[in-house]
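The data blocks that follow each hold one structure.
What follows is a pair of complexes built around subunit A, which joins subunit B in one and subunit C in the other.
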Partner chain A sequence: MNKLQIHLMIMLLGMMLGGPVGADIVVVVNEKNPVTGFSHRELVDLYMGRNLHFPDGSLVYRLDQEPDSVIRKDFYRSLVNKSIGQVSAYWAKLLFTGRAMPPQVLNDNNSVLSAVRNNKNAIGYIESINLDNSVKVVARVN
Partner chain B sequence: MKLFQRLAPLVLFLTLLYQSSYGVSEVVSGEKMFRFSSFGTLALTRGGDDNLGFRGDLDRESLFDGDWSLVPDSVLGLQMDMQFNERFGGAVQLVGKDRAEDSIENSLEWAFLRYRLNPDWTIRAGRIGTDLFMLSDYRNVGFAYLWTRPPPEFYTPLAFPNRDGVDVIWSSNVGDGRLRAKLLVNTSQSTISVADTLIDLELKLSVGATISWETEHWQLKFSASENEFGQEGSYFPGTDPLADALLQASVIWPEAAGISEQLKINKPKIQYYAIGAAYVANPWQIQSEISYFASDMEVYPPSLNGYVSVGYQMGSVTPFLLAAFIEPQETRKELPESPVISPAPVITEQLAFLRQITQTVFDSTRIGQRSVSTGLRWDLRYNLALKAQWDHSWVDRYSGGLWDIRAVPSTNQEIDTFSVNLNFVFR
Partner chain C sequence: MSIKFHHSLSLRTGVFILIGAALQTLLLSFYFYKQIYNEQLSQADHQIDQLVSTIESSAAVAAYLDNQELAKEVVRGLASNDIVLASSLRSTSGMRIDIGDWVNADGSPTDESKVRHFKLVSPFMPDESTGEILLRPNNEDIEDRANTVARVYVLTLVAHSLGLTLLVILLINGMLTRPLKKLAELLHSTSPGSSDRLPMLRGHRSDEVGQLISDTNELLDSVQITLEEERRLRLYVESVEKRFRLIFEEASCGIALVDDSGRITLSNPSFDAIMSSIVGDESKDTLKFVDLFEDVHLVGELLKGARDSSALSQDLQLASPQRNSRRWLHALFSPVRDEQDELLIECILYDISERARREQRIRQEAERDSLTQLYNRRAGERLLEDALQKAHDEDQMCALMLIDLDRFKPINDTYGHEAGDKVLVSIAERMKEALRDGDLVIRWGGDEFLVFVCPGTQIASVSVIAQKLLDYITKPIEFAAGCEDYVGASIGISLYPQHGDQLSDLINQADKAMYKVKQRGRNHFQIFEPTDHDIGE
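The block that comes next holds the complex of A and B.
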């Protein structure tokens, strides 16, 4: 094996283990939702249960991805610089004091997409490569 | 095992509830109408000595002789959240743990209905966790905090873990954070164990306000409340037989009548003031609270309480240091010596015993203690954490009321507590 082959091998391995490198995460809402965009702070307030409503006053239906998924790890790392465990401990406090319910966990990007497509009050995050025209992007993360 | 025998009906009940809900679960704007979640702590604790019994909280059973036990700190909690429509919902939470008095009613930690008038205003009514200190409404949920238990010097004196009543919450963006202001009106009952005797405490009425402000990294909280304990003019809970005995003894011990008067609840209203701050930004987790219990009651002196905690996260392990105190704000009340009646040594002995018991009552509510603790939290999975902690406590003589005391120590005591906990949440 020459040097080039070894480098290729390492790159391939890295891609397999780490998932798509530098994949963009987009936060999406339903097309009918009047909201146009969220600042970083507005997004933090929504996803950390400090704000439970969209600007038009409707209750937010938050969607999450699988706890062991790379996208969930990356999303919270760039949103609040916390590990999934830390976010989970934070939500335990809100959930078990009756303040707010944690985001509903869906299986993958496609499940999130279809839930957002079918629900006016839904908000979710997906990898940008899965994006199509049926939903509205309100923020980019990473 | 006793604890798990007690938890079994709870688990069965919730399982049935969960299964029966499948039929009725509907979708309200995409969200499920019913959602179930649970939390728990499997805790191994070693504490107490032959005289001081360790207890995680006033309403829990105590542990003597430095034994290892699963009972004092283990908890299982189950919750059902309900969302009927955008505005109307509620929650029920059952908590199984080894209590001084086990009953279904005591196991019901939360049971409330909530109505959101608009995004800023929420009203809740029913049984609601006591929200006066930073952790006071989730102290059962070990997974949500760093230590194996909230510092007893600060949290144990707040004797009523939940209240029946109403709260009104207003929240809004203020500066860089979210402000939440809450008004509470409620009442409560609690049963504690003192020297193997069960004593019912009554919180007749409590009115309070809390203000908290939260940003991504900071949380600040203030609270003030007025708490009316029992009926003015009645004897301090559990002391009625003692007061009677003192009155009877006053024939030969005139001062005893005056002492029995002091056992009466003279000023039932106690004000609590608390201020707390937390800073969480990787890798630091720093938190501190101070409270003052302003009491004019003869049997219950005022106290100053506080703690400070620093944690430093390294990967999935967070070691921490914690220091906590409770300081009584009045000198010890020492009762006059009982008379010596030389022709009747038996009566002399009985009077001395009566005096000693009464003195114990005054000593058990005047608490003075400091602790330092160190330990670590290891996050094994996103919903599972292992914790280990060592506490070293300095208990002032005659002031060990945080412990279940067999005989009031007349010298300062030092005592260690060790605990290993496995904490989880499921949702």
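The block that comes next holds the complex of A and C.
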């Protein structure tokens, strides 16, 4: 099997398991957070650990989804064009320094939604279909 | 001749191969050393590139995050390599981690040109520069290592070349030079023409050396055959030459070659003997051929004639200081040309003195009276005619004396013929003694003699001569031991030209005068006195 065939199979598998492909992913924060939006770069710096603070200086509480989830895969692919494995390796490399920590992993969209609703400094990403008015969209991926 | 070591093939080939190999090795070493050295340097560069590429992602992350721990880890890792003297990671946001000797031993900062820079980009934003890595390569170490590697390579090359060279030298020496040297020695000790042949060298039967040996032997074969042929021919020529020389040397005739200038260029011993009999042993080189002969002019003409035409022959008299030892030679002249095409005259001389003497003796026997050795009457008449002619030509006065012995017959009868002969011989000798060489004495008859003298113009001297003759004749003669006697003589004389110019007349007149002496009592002389009767006749 060549690479193309592998890609095709993965795509088919994704379609069967994870609903509609290419569904919009939105990055959300607490309603009370003063931030209005993030550029792509600002989002990368936040999620990859370079910038750990919101513009007002408060520490960012980052939320991630299940490592095996399609949304996480799609999110990082869109954000930094890297696979989950590459991102995990990135964090593993930094682990020993004790200075950079990966985002907090939650189970699903709803867990993320509720965590963002409850924490003013939280930031997370969910599928747009799960969006409600209790959170503020600061960026849209895809 | 032995070949000196420094000229020998083995040394020279060895030296040439060594020099060639050394030159080649030197050039190759030089080239390879440079090549390998540079290769090592670029390899070190490449190594540094690789080194950096292995930590590049970590370094990029460290610069991206300004993560000092990670940066230190990376930089330390780099600096721990031998080829890195110092390393540094700088992020665009200001983080700077330096490890290693960024300053020289003397405290001066590192030369910027020796520092290598590697740009770092964000791991997530490839277009965003996040910092750079600086490396100071350990050039000294790199160069040392490059040196070592290149040197090892060159040493290997040299050892390889040396080994190969030695092998080639040994092979050439063993396969080529040694057999050639051996061959040269063998050939050198072989004398051409002998039956010596070169032995086949072991292991070379079917190669070029073997072929050289067999070809050389073939050559020696043909040389031997040729030399033997030549030797046989030379011996033959020598024997022929010896025989020719024998003929030349031992010939009884004198043989000589005379050149254009009349000098004798070659002569055999017989000729030399003829020469030394004439001129002694004095300079034969300067002697001219013609000088050997009495008639120089004639011989010169003969030589010229032989040169112009063909062979000439002539009886010639040798020049001689003594008149009585004259030698006669029969000479043969013929022209010959030598190798230089010079015309020479070959002269062959036979000694014919003996023959000439024999001829003279025969003539003498015919002319002379065998007992007294005086001219006989027949020869005497001819001689008298000649003498008269000569006297006429020279206008001389001469006297003809007719002598008749007295008392000869009684002696002959008394003592015998032998005594008579003895008397005649003695009288003949005495008359010759009394007269000069040029005077003629002839035995005219049994005891009758005739003398012809030309004493000059004086009649008186004729009388003196006649008296002298009488005196000599009348002396006693010892014709046997203790037995002697004497004879007398009656001499009648006629004079030329007073009494006539005809021989018969003169003889007649002398006879008449003698008759008168006999009538008057013998033992006297009388000059003819013409009477009227005589004049009238």
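A few points about this structure:
Keep this in mind: the second predicted complex is superposed on the first by the 125 of 142 C-alpha atoms of A that agree within 3 Å, B and C clash if a C-alpha of one lies under 4 Å from a C-alpha of the other, contacts with A are read in each partner's own complex, and residues count from 1 in each chain.
Throughout what follows, a contact is a pair of C-beta atoms (placed from the backbone, for glycine too) under 8 Å apart; a residue touches a chain by one contact, two chains touch by 3 or more.
All values derive from a computational prediction rather than experimental measurement.
Of the two partner chains, subunit B is the only one that A:Leu52 touches; subunit C does not reach it. Contacts of A:Lys93 after superposition: both subunit B and subunit C are touched.
Touch criterion met: A:Lys82 reaches subunit B and subunit C at once. Comparing subunit B with subunit C, more residues of subunit A are touched by B.
Contact with subunit B, but none with subunit C, is seen for A:Gln104 once the two complexes are overlaid on the shared chain. Once the two complexes are overlaid on the shared chain, A:Ala115 sits against subunit B while remaining clear of subunit C.
Shared contact residues of subunit A with subunit B and subunit C: 41, 44, 48, 50, 80-82, 90, 93, 96-98.
Taken together, the subunit A residues at the contact with subunit B in this complex read 41, 44-45, 48, 50-53, 57-59, 61, 67-68, 80-86, 88-90, 92-93, 95-98, 101-102, 104, 115, 118-122.
In the complex of the two chains, the subunit C residues touching subunit A come out as 58, 61, 64-67, 69-70, 123-125. Contact residues on subunit B toward subunit A in their complex (touch as defined above): 29-32, 35, 37, 39, 77, 79, 81, 83, 86, 90-91, 93, 110, 112, 114, 116, 118-119, 124, 128-129, 131, 137-138, 140-141, 143-145, 173, 176, 178, 214, 216, 281-282, 316, 379, 381-383, 385, 425, 427.
Those residues of subunit A that touch subunit C in the shared complex are 41, 44, 48-50, 79-82, 90, 93-94, 96-100.
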